[in-house]
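Shared between the two complexes below is chain A, which pairs with chain B and chain C, respectively.
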Partner chain A sequence: MARKKKTRSKEQIEIKNHVFVPKHEKCSEAEKKRVLEKYAADLKDFPKISINDPALYTLEAAPGDLIKITRESQTAGKTVFYRVVIEIQ
Partner chain B sequence: MESKLFKEYENQLPKRIIEDIKEAVPEKFSESKLKKVLELAREEYVNSLAEPGESVGLVAAESIGEPSTQMTLNTFHFAGVSEMNVTTGLPRIIEVLDGRAEISTKMMQIYFKKPYSEGKDIKKIAESIKETTLREYIQEISIDVAEAQMSMTLKAEKLARVDIKPGQIIKVLEKSFPKGYQFRPSKDDDHTIMLKSTSKEDDLNNLYKLKEKVQDVYINGIKGITQVLPVKRGDEYIVVTAGSNLKDVAKLEFVNFDKTVTNDIFEIERVLGIEAARQAIINEVLKVIDEQGLNVDPRHIMLVADTMSGSGTVLGINRYGIVKEKPSVLARASFETPIKHVINSAISGETDYLRSVIENVMINQVVPTGTGIPKLVVKTGKKAKN
Partner chain C sequence: MEDYIHKRVDRIEFGFMSPKAIKEMASAKIVTPELYDKEGYPVDGGLMDIRLGVIDPGLKCKTCGSKLKECPGHFGYMELARPVVHIKFISLIYDLLRCTCRDCGRILIPKQKIDKCMEDLDHAELEGGLNARRDKIKEIIVELKTVNQCPYCKAKQFKIHLEKPTTFMEEEKKVSPIEVRMRLEKVPDDDLKVFGVNPAALRPEWTILTVMPIPSVTMRPSITLESGERSEDDLTHKLGDIVRINQRLFENINAGAPEIIIEDLWDLLQYHITTFFDNEVSQLPPARHRSGQPLKTLTARIKSKEGRIRHNLAGKRVNFSARTVISPDPKLEINEVGVPKIIAMKLTVPERVTEWNMEYLKQYVSRGPENYPGANYVIRPDGKRKRITSETKEQLLEEIQPGFIVERHLMDGDIAIFNRQPSLHRMSMMCHKIKVLPGLTFRLNPCVCEPYNADFDGDEMNLHIPQTEEARAEAEILMHVPTQIISPRYGLSIIGCNKDAQTGMFVLSKKDFKLTREEAIDLLSSIGITEFSRLPDKEIVTGRDVISVLLPKDFNFTGYSKKYKENKEDPDAIVKIEKGHLKSGVLDNANLGEGQGLLLRTIYKQYGPDFASEFLGRIFRLGNAVLAFTGFTTGIADIDVPSDIKQKIKDIIDQTYAEVDQLIKEYKEGTLETLPGRNMKETLELKILEKLNKARNRSGKIVADNANPDREIMVMIQSGGAGNLLNLAQMSACVGQQAMRGGRISKGYNKRTLSVFKKDDLSPAARGFIKEGFKDGLKPHELFFMSMTGRDSLMDTALRTPKSGYLYRRLANALQDLKIDNDFTVRDASNKIIQFMYGEDGVDVTKSENGRINVKRIIDKVLAED
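Now for the complex of A and B:
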């Protein structure tokens, strides 16, 4: 079944600076509340991100956490996107 | 120009628009006028946003679907002089949007750190990346029938180029064939390897079979990369490859991994995560559309990419992917294989809450999109009671 959070292995590639990988940040509880209120949505309504996602290796995220993703958008310049951490896969 | 007014509007306008205004307004511009400009821009921006209930998915489908009818069915793109061809055009778009795990032509663009990006040893590096089997290092291979032994002469020049000694090859061979065979360098030429069976009963037939097997032994390079081609992109030298292996390429110290990309979306998802996969989908689709000289607003493709990556893994737009994720039975049944869905949901006793479009069309109700969303609300006061 769902694996526990992987420990960061030696072979882990540094992906943070890759052109395709936007900035991932973990939201604090207060920010999470603010975002949920702003969108008037439940956590389960947000797009998801797997706990084993390579972009989450350095963030100590747990299922149910909200991840703030700051993308470089070619239309808007910069956009903020949220994903909720899920356990599967 | 700088003003604290821009800060105020940072949350109300996209970064791009604010930057455009910053550039467009003259140096000496009064605060009140700037306020007016920003307010007008904000109004215009809010008016041009998609309205609640707008069928953005449908518009995206049409906007991608129509130009794709004008695409040439199958075009091959030749990268330089070599015969490296890559699937483009409609087949490529279908491949990306279907979320196929196995794509037809994998390709990588490998960037390098300085000084290699300026062309230093670029040929040597390209060669060292390519997956090479023993076959390519063998000058001559022959079997001595009388002695029941095989001799291989290696290409000394080619081995020197990748810094491999014949001794290393013997070690690799011993590892690949641990039992029953003996490898040793020849007495008069150190680039010749003699191969002999250690068991006496081994017949010649086996030796002939071995001759084929030996040549397929992997020697060096990155597994999966079958062709390499150094090219100059801008003022930087890069290597375009056929075949892809992002994970192993990342471990090479002379590679600038931050710019290195592949066209295999599932590989990107495994190595770089779901957000990178989303970006890759957008880039791949836009690349094909640009190549064909068509024009599709990137926002439509972004919507598709967001939908495909919304569940945390890349799902294709087909009945095994995002359609399977739909909560409504009727919506799934209306797409493909209706009987299967109806029977399965009958067995498990599923409920359809009729929250989406297609199931409401099926039962002749108002669909919850556009003007179908607002409902009539009646205020019940004292008068209403009477």
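Now for the complex of A and C:
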């Protein structure tokens, strides 16, 4: 008996609005350049995030993009973190 | 000056030795399992052949001509009658066999796809490093396993599987190592690169051994026992087995023995060579001594805690160290350590002889090792170390001249590093100044117990004596006790006033503490103060005046005592110091204690480590002196409770018992209202527990409220020097509920805890509630319940310690080379970013107040300066 597979749209599984999910943004090319320069680091030295990560569903990110994450911090109030999008896993 | 050749290791390459290389390297061919002839001389071509190195004093190596300890040892080799698989390369061989053609040896990837494969691998490496490449290789191998036709020669491929540990089967037929070797030989160099194998360092056919390298005798020396008998190393035993079987195999093959016998011997040879490399292969019985203990072969020498890496390379052993039991000495400075004379005469400090100190050092030499302070050794400029004895003393005294080094005994003021395991944080190893004392234990100021986490119930500690100027300077600058007063974990003092000294300071800083000027001077001079001009020129002075003498003249401070939390209006709640004078407030452990209060931190920050350390030492001794001066004893009468209060407590407990009975009744009738997510029974337990705890707390509060605050026990509790209100309540009112695994005690007999109770008795007494206090004494069943929880918590700590130790080891290893870069990012050894801002706020906790920066204080300070 073939049952129709239920599929959800990307909007339906958008988890970005949940209170526990910190704000994810895609960096513009200019911003990416600025960040790389600021930390004098290569993209491969940055922490990674899988392209399949639910937080990226509506960001239209591609491998190599830099994601800016703004988190609530116990020590600093707000803190900025960067991750680079990768293909595998 | 000696000339040194400096070279830098650029890289290390690991590879596998080809049979040719093994033969070229070898200096002897081993053909017989015999070790020595009748005269006890090593047999030529035997396993102890003198061409393999020397282990006996007096002999010279036949290969290099050098003596014992100079000859590094030389490899030999042995021709194997039949090839044998190397156990450590089984997985590589297995992968290669399954992924290459059985006929032509090519990899089972079509020509056009190989380049794509390599590209993928390079890409993976670029993205995720070598580990990612290895994972990718594994994926490729998994895919290739199912290919059943060679894309090059179209030959049919069969399924090969590994019969552990060393036999390969192709379609139920055994593939002999000879066959395996032939197949591996055919694999072209270029195809190997896909598997991550560098053909220059490792041709796969080399992993099937045809020649066996024999390690030198210097890495398996024999021991001569007291009886004159020789005991051989485990490796020699194993090699003996290998050579013996190999010779038998040779003979049988030459004699044309039946195939079964040869097969059997071959398998045996495989077994011996496998266990020679690794005696802990899971499918093989380990080779054993006659006594039954397993042999320690090559893998066991390297692996695990007792192996070469963790035991010899990572675990260093040192000279100039001592270990003994510790005991307290409140008269010591906090940066001192009392060292027994017997240890001070064993450990030494090297001092170089110069023109100016020659006579001085000669005195030490002439006193020798027997008289303190003397010297044990003299080191001549050529590096020869001479022990000073009554015979050599005269000659050494004459010989001594500038350039010699005298190793003299430890003396007061020498630098030492003091340590207590487990060394969990940097304050576990601190630099102390030595104080030589009589007795047999290390003595330390009780203030430094906290950073070491030491007590005196039999703890032992280690002492190290740095041997060079650089080491001493480094120890003193980086790890001296005064520099460690502020903990990097929370930015407050980890070394503070504790125990009696705390109580003493509390007593002294009370508002109405008065004493005559003479008494005050007496007190101060007993802690080493000789300057009394800051003491008011009055007949009667207050305790706060005495404390103020110790404070710096320009010190301003506002803090809160423990009382602030209860009552902000209390006159003692706010500690105010103005221009070095204590105006108000009591100095309890909220200000002077370990890990809390800003008083010590502020002094440390303003006047530096050395002053803070000295100040702390004075405060500590002053506290003790005050107690000695006023007299301070707590007795059993301190926990007495007036009879009306006693009745009140009894009423509370009786009332609670009645309430609990009511709950039980409701439960049995089934009318008890259940809490959400719980069943009836759980609800009952929770409610009873809540009621009983409330009863204990209420009776405890009554005791505390009615206790006389001037009694010694209350003074100790209020100061934070010893004990707390719970201790007092348990002694004078009610011990309370004994808990096991978060609930009341329910173990024991069927449906009851002890046989004195009825079955299904849920009353407080039957489930471990102790309504008596310690002073009145426990009933027999109460004592039993108490013993139960006592044993339970003892077991718990005993089992938890090793677990948390291992947890810490893993954590420390994972974090060991993280560092804060100069742009405040946290990075690992390969410069990968872990955190973009250290701790997310970039604050150095050591320089903060409890992890925060107090902006108000800074502004106040700047404004005050104008």
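The working rule: the second predicted complex is superposed on the first by the 78 of 89 C-alpha atoms of A that agree within 3 Å, B and C clash if a C-alpha of one lies under 4 Å from a C-alpha of the other, contacts with A are read in each partner's own complex, and residues count from 1 in each chain.
Heads up, the rule we're going with is that a residue touches a chain if its C-beta (ideal position, glycine included) is under 8 Å from a C-beta of that chain, and two chains touch if they have at least 3 such contacts.
Bear in mind the structure is a predicted one, so any value in this text is a computation, not a measurement.
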*asked:* So in the superposed three-chain picture, is A:Pro47 touching just chain B, just chain C, both, or none of them (first/second/both/neither)?
replied: both
*Name the contact category of A:Ala30: first (chain B only), second (chain C only), both, or neither.*
neither
*Touching A:Leu56 in the superposition: chain B (first), chain C (second), both, neither?*
first
*In the superposed arrangement, which partner chain does A:Val19 touch: chain B (first), chain C (second), both, or neither?*
first
*Based on the superposed arrangement, let me know which partner A:Ile69 touches: chain B (first), chain C (second), both, or neither?*
first
*Which of the two partners, first being chain B and second being chain C, lies in contact with A:Thr79: first, second, both, or neither?*
both
*Once the structures are superposed on A, label A:Tyr39 by its partner contacts, choosing first (chain B), second (chain C), both or neither.*
second
*Specify the partner with more touching residues on chain A, choosing between chain B and chain C.*
B
_Going by the contact definition given at the top, which residues of chain A touch chain B in one complex and chain C in the other?_
47, 73-76, 79, 86, 88
*Can you list the residues on chain A that touch chain C in the complex?*
38-41, 44-47, 73-76, 79-82, 86-88
*Where on chain B is chain A touching in the complex?*
14-19, 247, 250-251, 257-259, 261, 268, 270-276, 279-280, 298-299, 302, 306, 309-313
*Spell out the part of chain A that touches chain B in their complex, as residue ranges.*
11, 13-15, 17-22, 24, 47-50, 53-56, 69, 71, 73-79, 83, 86, 88-89
*Going by the contact rule at the top, pick out the chain C residues touching chain A in the complex.*
124, 126-128, 132, 823, 825, 827, 831-834, 836-837, 839-843, 851
